[in-house]
Every structure is written in C-alpha cells, then in structure tokens.
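Each chain carries a letter (A, B, C and D) given by its place in the written order, and its residues are counted from 1.
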C-alpha cells in the first residue's frame, strides 16, 4: 500500500493531535495530509490523517492492531483505517431515470474514479440496456407492498455475493426498510432532488414550482431510517426564474443531481467523511 | 417624465402583445424595454413595457385614462402605470440588528438608489444613533402583547403622515397583524434569514446548524398574512462547512441578507415585479 | 410542424415589435414565447418569437417567403426561421479526453436532448470504444503540420456526407483553420477550460494554479478565426483553494466543462442564441 | 490574552506537526484550532494553530522567545505570533466611490469587526462627509505626476503617526510606488473590480462588456509592485446577461467588491492568511 488514512473521532482532550502525529512520526511515517476539527459545543475531536507507507516502520497488516493498543483503546476512539490501494466496490440502485447512472458509469469507465461497479439493482427493467452497454450485471427486483421483505432479502444477498462495500441510490424510487438500512450504516448514499430540508419526499420540483422559489437544489446524504433526514454530505443549487416551468426545473435539476451525487461518492471513497450526530465532517 | 412603465397581467389571449405595442407605437412612443411572460399552465399573460415619453402623443397625465379605455377595461387587465421621475418613499422597520439598515442607508445616501427614506420605525431604541447619523426620523414603538393594536395604529398613522409608498422590514423581529398587512398589499418587503421554505420562523441559523446543511440562504419576499409564506422576490445562498459554528452562519448570513434584501428593493422600485398566485414574475 | 421560431436582428426603429407580432396575430398564430432586446448603444434590435402553427393561416413551407416579403426585406432584417419538428444533426470532434463526449452521448441517448449525433471525428483512436458503445461512426484523422489541409478537407467532406448542421469541439485539441471556420459561421461550438478571457490557449489549469486564483471556470463559445476569442455562449465557475493541486483543478474543471458545454448545445439547438458584434444574446 | 495564534511556514520535513503540537501540549495549552497544509510540489509546510492561554505555562510575553529558541530557529521557520486581544489598526485609502468605504465603516461601527479605523486618506475631498459622519480623520492628498513622491512621504508619515497595522485600498484610484509598497509587505489589501487575471488595469467593466462575458468578478489581493498581480486573497463572481449594460455591470459589481474586500479584511485580521510564492494559503 502506498499510503494509509486514519479517520478518528473521540471526546476532545489536550494533546490528541500531538499523540497521534507522534505515533506516525516515531514510526517514520511522512504525513502528507492532516486535517482536524473540534466541535467546540459537543467537545468532540475529529481528525483525518494520511501518511506514506514507504518507509513506515510498522507493516501495513499490523498498523490497525498497534494503533488500537497504543491509542485507540486508551483514548476511547472511534476510528477507521484505509489503504490507498484498496478499490471500493459500489452497487448502484436505480429505477427509470438514467442521468445519474450514466454519469457514474462514465466516471468509472473513463478512469476518473477508481471504483468498481459490479452490480446494478433496479425495480424496473428500463435501464438494463445501459448496464449491458457497460457490461455490468443488472438485476430487476420489482417491489410491491407484498414482496418488499423478500426482495430486500434478495438485494442483501446480492450485495453480499458481489462483495459490495457501499450502495448508491441513483434516483432509486423505493424506500428501503429500516432493517436494510441498519445493515449498511453510513454505507448507503442517496441523492434527493431538492435542497433539504426543503421539499422532502416525493415530487420536490413540483413543490418548488408551486412555492415560487428562485433557487432549486439537490442534496446527497447518508440514508438513515428517517426519510430524507440522514447526514448531509453535499448540496448545491441553481438559480431559476418565473420563466422556468416544472419541466425546466426537472431539466436543470438533473445536472445538479449528477454533480451533487458525484461529489458525495468522491468524498466517501476518498475517505474524507466523518459522520457524527447526524452531521458530517468533510475534510476536502 | 422621461419614461413610462406599464405592468400588466390578464388572461392570455391571442394578439395581446400586438395590441399593447400598437397602442404605444401609434402614439409615437419609442419602446426601450419590453418583456412578457405567459404562464402556460394557468393561461395568464404578464408584460412589462417601458417607453420614452419625449415625443409621446398622449400627455403623461392622460395616459392612464386612455390606456384604461382602449385596452385595460376591454381586456380585463390588472395594470399599474409608473413614471421614471417619481421617487419612491420607503419606511424601514428595524429591531436591534444594524447590518441591513446600514446597507440600505448607504445605498440611498451614495446615490446608488433613487429612493427617499424619511422614516425609520423600531420596537427598540438601539439603532437610533444610526438614524441620527443619517438625519432620518426614528420612532420607537415597543410592542407588547397588550399594546400591539395601538402601536400598529400609530405605525400606520406614521406611514400616512410621511406619505410612504412601501415598507421594508430590515430584520424587524415582530409579526405584523393581518389587518396591517392587508393595508399594504405587495408593499411590504421582508428579509428572512433562511432559504425558504426551509427553516421558517425563529432562529433559522440554529436550525440550519442542527440539521447540518452545507448551504445557507436568505429570502426576500412580500409579506402576506401567512408567516414567511408570501411571494418570493429573491434568494441567494452561500456554502458552509462543518468548520462553521452557529456564529459563523450568522456572520456569513448577514452578507446574504443585505444582498438579497437590496435586490428585492431594487426590483420593486424599478417596477420589475409582478405578483400572481403567490409567485413573482421578475423582469430583470 | 408544431411551432415556429423566428430569430431576428436589425437596426432598431419604432414599432418593430408591433409589426412582427401583428404579422403573427393577423395570421391566427398564438405566440407562446416572445423575448426582445435592444442594444441601446448600437441601436440594434433583437427578437425571438415562437408561435403555435396549428391554426396558423400560412402553411409552414410558405412562412419564410411571406415573412421575407412583408417584413424582412422592407426592414432589412437578419433572420432565421426554425421549426420545432426539425432534429438538428451534430458532429462531435474529440481528442483523448472522454468526459464531454460521454456527457453529450448520455444526454442524446437518454432522450434529454432531441439531437442526432451520427458522426464523431478525432485526431486519435483513443475514444473509439465509446463511439462503438453508442453505435456512432468514428473517424480517426490524425493531424500533422503537413497534412492539416487534406485532413480538414476530409473532415468537411464527412460533415457534408453526414448532413451535419453544427459541430461541437468536445476538448478537441487541434486549432481549425480560418477556412474551415468560415464555412460554419456560428455553427462550431467550443468548450475552453478556463474563464475566458483569463488563460486562453494551452494548459489553463496550470496557469490558474500558478497564478493562485480562488475560482476556476469554463467557457463555451462559437469558434471564430481568432483563438478562444469568439462570442461567449455560457460560462460557469467553481471555487478552489490552496488545497487544490493542478490535478484537483483538472478534476473539478471537468464537471464545469461538461455543464457549460451542455448549456451551449442546449441553447443553440433550442434556437435561443443570436450572435452580434462578437457577443451573444441568449434568450433563456 | 485569551488565545494565541501561530502562523508558520518552512521547508517540509517529517514530524513538524508533532513537534509543534507537542510544544503547546507540554505547556498545558489547549489547541482550539489547527490547520496545516503541505505544498507537495515545492515541499513547503504551512500551519496555523490557535490555543487557549488560560492555563498555558508560558507567560504571553515570553512565548515568542521560547518558540523561537525551541523550534523556529532550529527548524528555520518563518512565523508570526498573534494574540486575540490585539485590535488591529486599519487605514482606508479611497478616491471618489463610497460603497466599499461605507461597507467597511458599517462593519466596524456595528461591532461585526473588531478593527480600529482611525484614518482615511484620499486624493479627493468627495468622501469627507462620510468620514465626518463616522468621526474619522480624513486627509486629502491629491496626487499629480509632480508631487507623488512628497505625497507618499506624507501618507507614510500619517500611517506611522496613527500607528497603522495595515492599509486597505477601497477603490483607491492611484498606483502606489514600489517604495511605498515595499514598506508594507502583505499589509496592503486592494480590491480590483474584475476576475483577475482577466481585465487588469483601468475600466474592467467596460472591457468585460466589450468581450461579452457571461460572468463578472471581483478580486482582493495583497499589493505588490506589479500592478494587479499580487497574491489573491478572495474572489467572487456574479452571472450577467446581454440585458446588462455597462452601468448594470458597475452596479452588480459594487456588491461583489464590497463582499470580496470584506472577506479579505476578515481573513487578514483573523490571521488566517499565509502568503508564499505569490499565492495565499487561507485557513478558513
């Protein structure tokens, strides 16, 4: 592995940065990126540190153990360790709208992202031709009020079989059950086509039009069991005017959705996100 | 008068633009600005047309009558006629926060805006020194649950005495009664310190922080009897991050509030706003 | 044809809007969109008007002739007439970078745009697999200092053979000759990866990094014989910081390029652009 | 003093963060903010660290000496030490345009900024009434080709007499001599009314109009002897259209100038800026 990244959060106390960076420096690691943040109100400490492994004294396979013993357990840290040579495996859930899917696959295919997408799941067959075009397995699992439980079991089996690290809901028009969501904490990313918390739920562009807003937005967030209320990862907006019909909002919103979802996926796979208390810390 | 501006809305039908521009052309008026809009869904026609009066065949004082007879009444138009040599008279209502007031007065004083501000009304004495500095009358009318009706009567008497055309609520922290509002339809402009409809009501920056949004906004709108629900005139936003405390949001929001309120005042006094069905058409 | 659109510019004079809208109204056309603009400095009048053809008295095939006789020739107008049932035919020129090409093809393929793309031309073979994936003819015409004239002749033959209406340079890294450009006035759209007029020419992201700008941009424009100096159609920007390396600028810029080029193509094919005096009027 | 802030840059090497934070932690300082950055290309290390002084073992007056001995000299650091209880003293240079001056004074007066403005210098008497209104000394020093040297000597004498820490050029329309500039390195902030490096020099709004750009901008930067080429601190932009005349660009640009200059002053006085190699590192 070329570099290692630690994501840490714990109760704030004096000397944390010093102790963590000393652990790396003492073992001959060269820090190439360090960012920390303290939530002064809640007294929580957050840190992302990335260092080169070339001359690091601890073998990659032993870093986790040693860090746990020396620092993580004594200081009651929540932490993750990632290596830059891992390629994350992503599943995409879609319904009928192709724009986010196309954008994701183009980024992966062109080498812009170092992400594997072995699996696409949909409740409709419509986008199968796109999956075929990119050579990706596409499963149609229609959801009805009666079969939701079995279909979700099937989805979870697919995620396990394909060894999936995280799921992206690319305008997937079904609500996942809390059971499903609980199995993938901070590992399901959704794109919602409004500037949350304005216009949660269905048909936000219609609501935005009816309210006469002058700006529309899109929001990517981790999925939690409360609908459209999970930790926000990225948001962006575009100005609109009275000239814009609902169809124009939909059209302009599509580009926002693509961008805002792509930023979330980028930051997630670059290990730049820490989630805490339904908020995100994004070290970008 | 140098130029005249007509703001028109009515049910859409064929030939409206042709008939209105013909009225102006036939009387030797030179159109310097024309914008029209059709709400295709509701079949409503909107138009703003401005023309030079120099060689116009109809004297300024007679234009309203003649337009009413020839077009407005036969076609059941809602319309306003304004002349460019009128200077609008604005009252500013404030509480304790000075930033919007300062910004407004600086724009008027420096000649950026051609608006008279003869009157400032507040429920607190705090900003009187600013009014004094700019030589503007400042009335302190504290509001309690018991005296609201009398104080509003006093406010309305002041608006009448000072011959006020429209009122700006520059972070005025009191809710006006429906009776007050009804007297000034589309003549009271408020600045709300959030991206409506997200976070209406009190303490939106605290709510935005708690929700963990990545963008905050400000909204200027005409005041209607439903709180923070009137026709939106302008909105703008700024990106924020996990590093921003509530105090940072307040600080960044101040600049937004100033800008977004100023845009509303500008468009209002430039007669660029038509309001319909709780939405605005802004010909800018 | 469902609707017709006229794009007009000519010297400004009184009564133009009235005469044009009267032409449409008299023949029983229902105007669904009208926008006009006067360049007060140069006294030039611009107009875009779109009307429904359903009950229009003049057959579609005769509109051009009749408009020419009645209005265009007497008033010395420059004008174009378009019908909404025409599908424009676009050729894409590329080199090695896939992101704009992917974005364009995804929009066409998904039905977001009603544009035919029968032809892709490149000076490199690299992107042929994408063309194959979308079933589009791809021609490799490498350019050297010695063969440029012949290769451009070949390109022009292809454009003729494929009946191409307009050309998009989607990060095509060759400079077209003035002769080539002159054959397609306002029919070649380029995306330049900077906020023009800052950083024209090669390697703008490197220049932006070296200058330490806090914002980077992208610019789409019609190609003229002066490099990167043609009429600007759309621009957009994104904030950057000291944390962004040149590679980050390239990555963030890619998304801008896609968006800004897509907006130009949309406005061009929606017939919303008038070009005059090296500037554009965009009726959006 | 409530807190101390160190701004450091030096050649990058292993263990820097560890050694600096250890210095603070060992002396019982609680770090409330730490940000660091490495310019990987040039191998330069940048850091801003702020810590509470309440229980800090080293008296405020001795911190500089001790830091110099222990770390700064051994590691060849460039560094500044600031205390949060210092109030910076700012001089404002103006010509005839009031909007930036008004905005600055309103922010200081309302307590938004903790900055003293004891001195305004101008080459014109026009804005003296504003200075009077805020009770600030205003000196008129007209500049001609013949008297520039003496007038600059007089300006420098004023800066010394008023004990000024840094100078803001708030649309000051004179070019300062290199001698003047050399006396205040990274202590003179200018606002330029374009998106640099586009449109340096005079009349950028006219140039922007002539070029037909779709976005205009403003840039704040430290003044260096090369005109409009110093390290950029902040930039922002606003979209414009064919409808905007030069006067509209000037009007819209005014708001940008105010905001972008204010952000630079805020970051400068919050000690968030490090300048290196004609670029800025902004820890915001």
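We take it that a residue touches a chain if its C-beta (ideal position, glycine included) is under 8 Å from a C-beta of that chain, and two chains touch if they have at least 3 such contacts.
Everything quoted here is computed from the prediction, not taken from an experiment.
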Each chain counted as touching chain B and chain C at once: A, D
Go through B-D and C-D and name the pair with more C-beta contacts between its chains. C-D
Would you mind checking which chain's C-alpha centre is most distant from the centre of chain C? D
For chain C paired with chain D, centre-to-centre distance based on mean C-alpha positions, whole Å: 42
Compute the distance, rounded to whole Å, between the mean C-alpha positions of chain B and chain D. 36
Could you pull out the residues of chain C that touch at least 2 other chains? 40, 243
For chain C, which residues are in contact with chain D within the complex? 37, 39-41, 46, 195-199, 211-215, 217, 231-237, 241-243, 245, 278-282
Can you tell me which positions in chain B touch chain D when the two form their complex? 98-99, 102-103, 106-107, 109-110, 112, 133-134, 243, 251, 254-255, 259, 262, 284
Flag every residue of chain A that touches chain D in the complex, lowest number first. 14-15, 17-18, 21-22, 24-25, 28-36, 38, 40, 239
